[in-house]
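Next come two complexes built around subunit A: one with subunit B, the other with subunit C.
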Partner chain A sequence: MNTYLSQVKAIVWKDFVTELKTRELFSSMFVFAILVMLIFIFSINLSIVDANQVGPGVLWVAILFAGTLGLNRSFTLEKENGCLQGLMLAPVDRSAIYFGKMLSNLAFLLIMEAFLLPVFMIFFNVDLVSHLTPLLAVVFMGTLGFSALGTLLSSLSSNLKTREIMLPILLYPLIVPIAIGSVRLTGQVLDGKSLADMMNWVGLILCFDIIFISASIMTIDHILEE
Partner chain B sequence: MSEASQENDSPGYSLMALAGIGILAALVAIFLYVPTEKTEGVVQRIMYFHVPSAWIAFFAFFIVFLCSILYLWKKEREWDIYAHASAEIGIVFCSLVLITGPLWAKPIWGRWWVWDSRLTLTLVLWLIYVAYLMLRAQSEAGSIRAKYAAVIGIVGFLDIPLIHFSVLWWRGFHPQPKFITTEGLGAGNDPSMNVTLLIALGAFTLLYFLLMSLRVRLERMKDEIDRIKKERLYSH
Partner chain C sequence: MTESKPSPNPGQAIQVQGIRKHFGHLEALRGVDFELRKGEFLSLFGPNGAGKTTLIGILSALSRPSSGTALVAGYDVKEADPAMRREIGVISHASFLYADLSPLENIRFFATMYGVESAEERAIAVIDEVGLKPRMHDRVRTFSRGMLQRLSIARAIVHNPSILFLDEPYTGLDQHASGILKEQLQALHTDQRTILMTTHDFSRGLDMCDRVAIMVRGKLALWESADQLDPAGFERLYLEKVAQAGRG
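Showing the complex of A and B:
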C-alpha cells in the first residue's frame, strides 16, 4: 500500500515539476476561465438579472471549459517524446497512473479555482466569504467528479487524431449531473441557505464521484495498453 | 462459403417475415382499430410510434452496455460488432423519439420543446451515443477502437441513472407514464389502446432484432472482405 501511494505521489510530483518549469498550463487555464466569465458578463445584463441567480452557472461554465483545456494537455503532454510509454514501462499498476494523473488534474483545477473565486466575487459582486466552507465543499465535490471522468476520457482521447475535438464531445454530455448539481448547490450556498435542504444533490454528486472513480479503475487497464 | 451464407439467410428471412407481419399488424391497429383519443384528438396516435421508439432506444443502449462489458471481458470481435450495431440502431430510434416528441408536443402543450426531465434525458442520451459513434468513426478498425468504444459504452450507460435524477430534480413537466403506473399496467385506459401499444411495442422489438441481424451480417461481411484482401495482398 505504501509503495502504491509513493508511486501515485511520484506521478503527481512529476506533473507539478513539469508545470513549475513550463508554466504554460496554469496561466492559460486561468486566463481562459476569466475570458469565459467576461463573455458571459457581456451577454447577460447584470443590472436586470440577479447575480446570485446567474453567477453559479457562469462560474461553473468557466471552470468546466478551463478544466477541459487542462485535461487536453494532461495526456497530450505524455504522448510527446513517448513519456506515456515510459510511464507504462515503469513497474507500477495502471490504476496508479490513473490516480496520479487524476490527482494532479484535480490539484491544478483547485488551484485555478482558488484564484478564480475572488475574481468571480468581484465581477459579480457577491459575498463568498460568509459561506466559504460549504462553497469550498461544493466546488471540491464537483471538481473531483469532473477530474475523475475527465482523466479517464482524456487518456482515451489522447490516442485519437482529433483529440482536442473529441474530448469535449465525449465529456460534456456525461458530466451533465455534475454541471446541473454543482450549479444548483452553488446557488443554494450563495443564497445563504443550508446544504442540508439539498442533500439529494450532494448525494447525487458523491455517487457520481464514486461511480466514475471505480469505473475508471476498472477500465483504465484496457485504455493504457499498447 | 456460399452454403454457409445460405444457411445464415434462412433465419433472417423468417425474422424478416415476422417483423413485416408485426409492423403491418401495428399499422392496422394504430390507424384502423384503435379509437381516436377524446381530449387530444388524432395527434395522440403518434404515441404508438413515440413510446415504442423510446423503448427500443433504451433497450439498444442497454445491449451496447452489456456487449461492451462482454467485450472487455472476453476480447472477442463478435461482442464489438453487436455493440456497434446496437448503438447505431439505438441512435436511429432515439432520433425518432426526438422527432415525434415535438410533433406531438406542439398541438398539446403549445410548443415544440419544453425542458422537462424526460426530453432532456433523451437529448443527452442522443448526444452520448452520437459521441460514441463519432469515436468509432475516428479511430482505425482494430482492438484499440473496440476497447475505447467499450469504455464509452459502459461509462455512458452507468451515467443514465445519474442524468435521470439530475434532470428530474432540475425540472419536471412530462406527463407521468400512463401505462405503467402504481395501479397496474395500463389501468384507466381504454383496453384497445393498451392492446395497440403492446402490438406496436412487439412490432418495434421484432424490427430491432431484424435490423440487428442485418447490421451484424454486414459487419461480418466487411471483416471477411478485409481478410480476403489481406490474403491476396500477402500471397503475391
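Showing the complex of A and C:
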C-alpha cells in the first residue's frame, strides 16, 4: 500500500515538475478557454439574454474544450520516447498509473479553472463571490468526472494514430450527463438556490463520477496492454 | 496441440518453449525454444523483421505470446508478476526517458516506480556510474544520442536487475561512445547477471558473449556456444543461415 501511494505520488510529481518547467499545458488550456469565452461573448447579446442563463453553458463548454486539449497533451508526454512502455515495464499496478495521471489531470484543470472563474465573472458580469462555496463544489464534481473519464479514454485512444480526433469523439457523448448536470447546477447556484434543493442533480453527477472511476479501475489493465 | 510447460529450474534465467506470436495474419515468431543459464550472455543476430524485438517484448512481459510458454527468472511471463518485473531491466530503441525532466529526476522517478529504497542516493550512484553526474540537472531533451543511451542504461539498472534485455544498444553511437558502452556492458556482465542482446554489429556482438543465436523469420536458425564459433568466418555462416532459413 505504501509503495502504491508513493508510485501514484511520483507520477503526479513528475507531471507537476514537467509543467513547472515547460508551462505548456497551463498556458495552452487557459488561453484556449479564454478564446472560447470571447467567441461566445461576441456572438451573444448580453443586453437581451440573462447572463445567469447562458453563462454556465459557456463556462462548461470552455472547461470541456480546454480540458480535452490538456488530456491530449498529457498523454503525448507519456508517449514521447516510449515513456509509457517504460512505466509498464516497472512493477506498478496499472491502476496506480491511472490514478497518477487522473489526479494530475484533475489538478491542472482545477488550477486552470481557478484562473478562469474570475475572467468569467468579469466577462459575464455575474456575481460569483456570494455563491462561492456551492459553485466550487459543483465545479469540482464536474471536473472530477471529466478527468476520470478523460484519463481512461485518452489512454484508450493513445495507441491510435488519430488520437486527437478519437478522444473527443469518444469522450463528449459519454460526458453528456455530467455536462448537463454541471450546467444546470451552475445556473441554479448563480440564481442563488442552495445545493440542498437540487440533490437529484448532485446525486446524478456524483453517481457518474463513481461509475467512471470504478469502470476505469476495472478496465485499465486491458486498456494499457497494447 | 498440448502445451508442455518447462519446469522452473533455478539454474536457468530464461526458459522459452514453443513461443509463437501473431500480428493478424503475420506470424512474427514461429516457435522459438531456448534456455539461457544464469550469468550467460546471449547475442542474438538476425535480419530486419526477424522477430528479435518481438521476442524481447514478450520476455519483458510488455506483450503476450500467442502460444507457448516462457519463464523469466522462474516466473511465467504471461502472469507478469511484479516480482518478475523487478528482475528485468530493458534497454530498447526508445529511451523511456521524460524529455523535460533532468537525469536525476528521471532516474529517481523510475527508482520510486521499482520500489527502490533511498531512491535519490541510488539514482545519483547509477548516474555517476554511466558518467553523467556533471550533467545530472540538465534537461534530457538537450542530450546527444550517446548520452541518452548511457542514461537509458542508468534507468535500466537502477533497481539492480538480474536479467538485462538490450535491443540494439549500439545503434547510432560513434566509436567513442560504443567503446564506453562496451566497457559498461562488460562491467554489468557478472556471474549474477544474465544478458540478452540483439545487434547487427558482428564484432561487438561476438566480443563478449557466451552464446550466439541467429533468428530468421521468427525461428532460431542457429544456437551455438561462442567458443565453438570462429569469429572470422561468422559473417559467411550468418549469410548462409539466413539464406537457408529464407528458403525453408
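Definition applied: the second predicted complex is superposed on the first by the 225 of 226 C-alpha atoms of A that agree within 3 Å, B and C clash if a C-alpha of one lies under 4 Å from a C-alpha of the other, contacts with A are read in each partner's own complex, and residues count from 1 in each chain.
Going forward, a contact is a pair of C-beta atoms (placed from the backbone, for glycine too) under 8 Å apart; a residue touches a chain by one contact, two chains touch by 3 or more.
What you see is a predicted model, and the numbers here were worked out from it, not measured in a lab.
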Practice problem: Check the residue A:85 against both partner chains and state whether it touches subunit B (first), subunit C (second), both, or neither. | Solution: second
Self-check item: Which of subunit B and subunit C A:52 touches, first, second, both or neither
Solution: neither
Practice problem: Considering only touches as defined above, state whether A:225 meets subunit B (first), subunit C (second), both or neither. | Solution: both
Quiz item: Once the shared chain is lined up, is A:3 touching subunit B (first), subunit C (second), both, or neither of them?
Solution: second
Quiz item: Touching A:28, do we find subunit B (first), subunit C (second), both, or neither?
Solution: neither
Quiz item: First (subunit B), second (subunit C), both or neither: which does A:76 touch?
Solution: neither
Quiz prompt | Touched partner set for A:208, first subunit B, second subunit C, both or neither | solution = first
Practice problem: In the overlay, answer first, second, both or neither for which of subunit B and subunit C A:161 touches. | Solution: first
Quiz item: subunit A residues touched by both subunit B and subunit C?
Solution: 225
Quiz item: Which bits of subunit A are touching subunit C when the two form their complex?
Solution: 3, 6-7, 10, 13-14, 17-18, 21-22, 77, 80-83, 85-92, 225-226
Quiz prompt | Residues of subunit B that touch subunit A when the two form their complex | solution = 72, 124, 127-128, 131, 134-135, 138-139, 144, 147-148, 150-152, 154-156, 158-159, 162-163, 165-167, 169-170
Quiz item: Where on subunit C is subunit A touching in the complex?
Solution: 60-64, 82-83, 85-86, 88, 90, 92-101, 105, 109-110, 112-115, 139, 155
Quiz item: How about subunit A: which of its residues touch subunit B in the complex?
Solution: 149, 152-153, 156, 159-162, 166, 169-170, 172-174, 176-177, 180-181, 184, 200-201, 204, 207-208, 211-212, 215, 219, 222-223, 225
